[in-house]
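As written, the chain order gives the labels A, B and C, with residue 1 at the start of each chain.
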Amino acid sequence: MPSGVHEILKRVMRDPLGLLGLVLVIIVIGAALFADVISPYDPAKIDVLRKLQDPSAAHWLGTDQLGRDTLSRIIYGARVAMGIAVFSIGIGAFIGLILGMLAGYGPRWLDSLLIFFFDSLSAIPLILFALTVIVILGPGTGTLIFVIALISIPVYGRLVRAQTLALRRSEFILAEQAMGAGTFRIIGIHLLPNVLGPLVILVSMDIPTVVALEAALSYLGLGVRPPTPSWGTILNDGYTSLRTNPSLVIAAGIPLVIATLGFTFLGESLRDALDPKLKRRQSP
Amino acid sequence: MKPIIEAEGLAVNFRSPGGFLGLKSRRLAILEDVSIKLQKGETLGLVGESGSGKTTLARTLLGLVPAARGTIRFDGSAVTSFAHLRRRTAMMFQDPVGSLSPRLAIGSAITEPFVIHGVGMASRRAAAEELLRLVGLPEDFITRYPHELSGGQARRAGVARALALRPDLVIADEPTAGLDVSIQGEILNLMTRLKAELKLSYVIVTHNLAMIRHVSDRIAIMYLGRIVEEGPTAEVFAKARHPYTASLIASEPIPDPRRKHRSLAITGEVPSVQNRPKGCEFHTRCPHAQERCRIEAPSLTITGSHSVRCHFPLN
Amino acid sequence: MTPPLLAIRDLTIDYAGHVQAVRKANLEIRMGEAVGLVGESGSGKSTLAAAIPGLLPDSARIQGDITFKDKNIAGNQRALRGDEIAMVFQDPMTSFNPVLTIGEQLVDFQSRIPGSAREKHRRAVAMLARVGIPDAAMRAESYPHELSGGMRQRAAIAAALLVNPSLLIADEPTTALDVTMEAQIVHLFRELRRDYGGGILIVTHHLGVVAELCDRVYVMYRGDVVEEGAVDDIFHNPRHPYTRALLACDPARIHERTDYLPVISDAERATFTRASWR
């Protein structure tokens, strides 16, 4: 597997869009991780005297309606966006992976049960469900993560299940059984790596979706609570002062675009890189 | 001499899915009343066309497919749990590249048996190199991946993996399918040489009559899940007793323009297992079928080491 | 002497930068003749056959002449495809569209022939019967997956003959079939030849099929046509070392049971490219 990762990274970097995507993703993740270090100001620091200023040397992207430095808020917004995306998708994918493999490799009754579970979860309309949970549990980062994770479980679960079902009948799985390999060995060493590929791709394509979802909910005031900076909240703030200072809206829109494009390009490049059939054929 | 593997009255069924909640599923017989015996050091050819059940029989012998009825004895003792067989048997699969785990390097793939059974190796790499040498593959193949191998190379890797723990019995499913004629000889010769060196016994499943004639000591012909004829290879080819065997041998196009087949040895198609003919299951296509064949299923007639399932055997 | 139906001269096919799949090949087929094109994997035989109706991928570069009925068609084969030149492929499953019935597809294949749909359906059923499919009228209503492999291959042959092509190309027509079905398809081809006056090109690695059906044979090795001749000469008097080695390796030709089968060593292979049968 380690050699595989190295090989995959090389291929992604050879693809121009993949390389661009990788760079953008690194920028976004870097901002999230090192927000404390690179942020010029405290994002929560209010300075009403300097509200709604245009971009200047002191404030590269200007200030918002409470005088907070927009650039700092954007940078910390990356932490919020990435944090929520990583946790919610991470939990959803992890549970989906386990349930999917159980459904695909386990006994038929278990499969039927899990499919029923997946179908039930998917039947719930996302926005309605999100709104209901938020009303019950109160808005906030935790609620958001819970909602998104729950909704994404059936998506990942079904993908993993389909992959597992397809692989279960393959000759190499039969060969491992013929050699006497136990169930855990087969699932862990032979099924898992072959199932992870499509899952990783889906995950990286879902991140921009979750980021946008979080931004949308925050824009509606149902996401993270102030003063936590979220790109969606900044967009909302910017909208109210659109007439006087459009720089806020632009400033909030740009990171959203960067994150979306970055993860999408990276995801597509990963998909191509992970497809062994696209490998340049070695001499026969 | 104890036979290395022996099966008596094997039956394998398949439940075809059907209806709501599987209520209308049907039980289809894939193997019916199959008995075979392989002596140590022998190569048995399992010959048949699609639908004959030969691959299913191979897999059932190793417990990869559950048998509904029948017993299997390995090296004299009845098999109660197939887990014990795993170390002493090995299987080579029909799709040489597909039977190798796609994300596992060849070096790891062929030493899987060591890890699975907890058999010590000096080092995994050393064990892999030794196996590659055994089958004539270059040592740098350790880091290659299955999709980078040609059909012939992948088959050799399959041989290496099968022989990793020096089994007593190797079952090879279509070892030459998809290979060029000149490469077929290489793989078969490798298997023959290793058989002598490592004291192996083989079951070779194939539909390639020309090849199995040279490579096997005994041959069993299968039709619709039953063994219709079985005996020493030379004898069966020279004096086939079952009309199906005779038809198979006569059907093979001969690579000699001066010996063209004037007429068809056998017409029609193999009946579907869902619609087994009554009586002798071959009677719908048998050029010698008589009234009795339509009504009564023949039992096995044994003459010496040659057995046949037919009311009116030839020769 | 009438000009050949198909004449290929100095045909070279390569895929942008890679090894040449076919190198300066010459091949001729006359009306009424059955020609065999024999070789192992990598010989270029399938590439050559696919070039005739123009079925190669866009990345293939073709040089040389392909003359069909006295007209150079290289680069222009689409016009003749399915009309004058018909092809039967190895895998009968993928020859047909799984969501249409056999009958519907056979009618569709006649799209360039004038006539009513009913007339075309009648012809399709008649052709299915001609290739030995029992209950042809009923079978025409079946979907491809409902037919066995042998039946599908027969249907594929029926489809090819339906347009009355001057040239029928069969690429490994029996490789995917069982022995008894293979014998039946070989028998079918032999029978059809009595009525079908066009030229047939059979591409295969199965020497038995070539011996049964072909009048003349071309042998290919790694892109070169290494030998050509009447079928009897090729089998009983082979001149090129590769042809001899290929015949020697075929287990069906070895009469005495032998423990070790003949192979072609690397040293031998090195001589094939240097030797010339001329």
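A few notes on this one:
Everything below uses one rule, namely that a residue touches a chain if its C-beta (ideal position, glycine included) is under 8 Å from a C-beta of that chain, and two chains touch if they have at least 3 such contacts.
Small disclaimer: the values here were computed from a predicted structure and weren't measured.
Identification of common neighbours of subunit A and subunit B yields an empty set. Across every pairing of chains, the maximum count of C-beta contacts belongs to B-C.
With chains reduced to the mean position of their C-alpha atoms, the one farthest from subunit B is A.
Taking each chain's centre as the mean of its C-alpha atoms, subunit A lies 50 Å from subunit B.
The mean-CA centres of subunit B and subunit C are about 31 angstrom from one another, to the nearest whole unit. Between the CA-based centres of subunit A and subunit C the separation comes to 53 Å, rounded to the whole angstrom.
Residue positions 284 of subunit A are each in touch with at least two other chains.
For subunit B, the set of residues touching two or more other chains is empty. Contact residues on subunit B toward subunit C in their complex (touch as defined above): 49-50, 180-186, 188-189, 192, 207-211, 213-215, 233-234, 247-248, 251-261, 263-267, 269-270.
Contacts from subunit A toward subunit B in the complex involve residues 1, 3-4, 170-172, 174-182, 185, 189-190, 193-194, 276-277, 279, 282, 284. Looking at the complex, you find that subunit C touches subunit B at residues 40-41, 148-151, 178-184, 186-187, 205-212, 231-232, 235-236, 245-247, 249-254, 257-264.
Across the interface of their complex, subunit A is touched by residues 59, 62, 64, 83, 86-87, 89-91, 93-95, 98-105, 112-113, 116-117, 143-145, 147-148, 150, 161 of subunit B.
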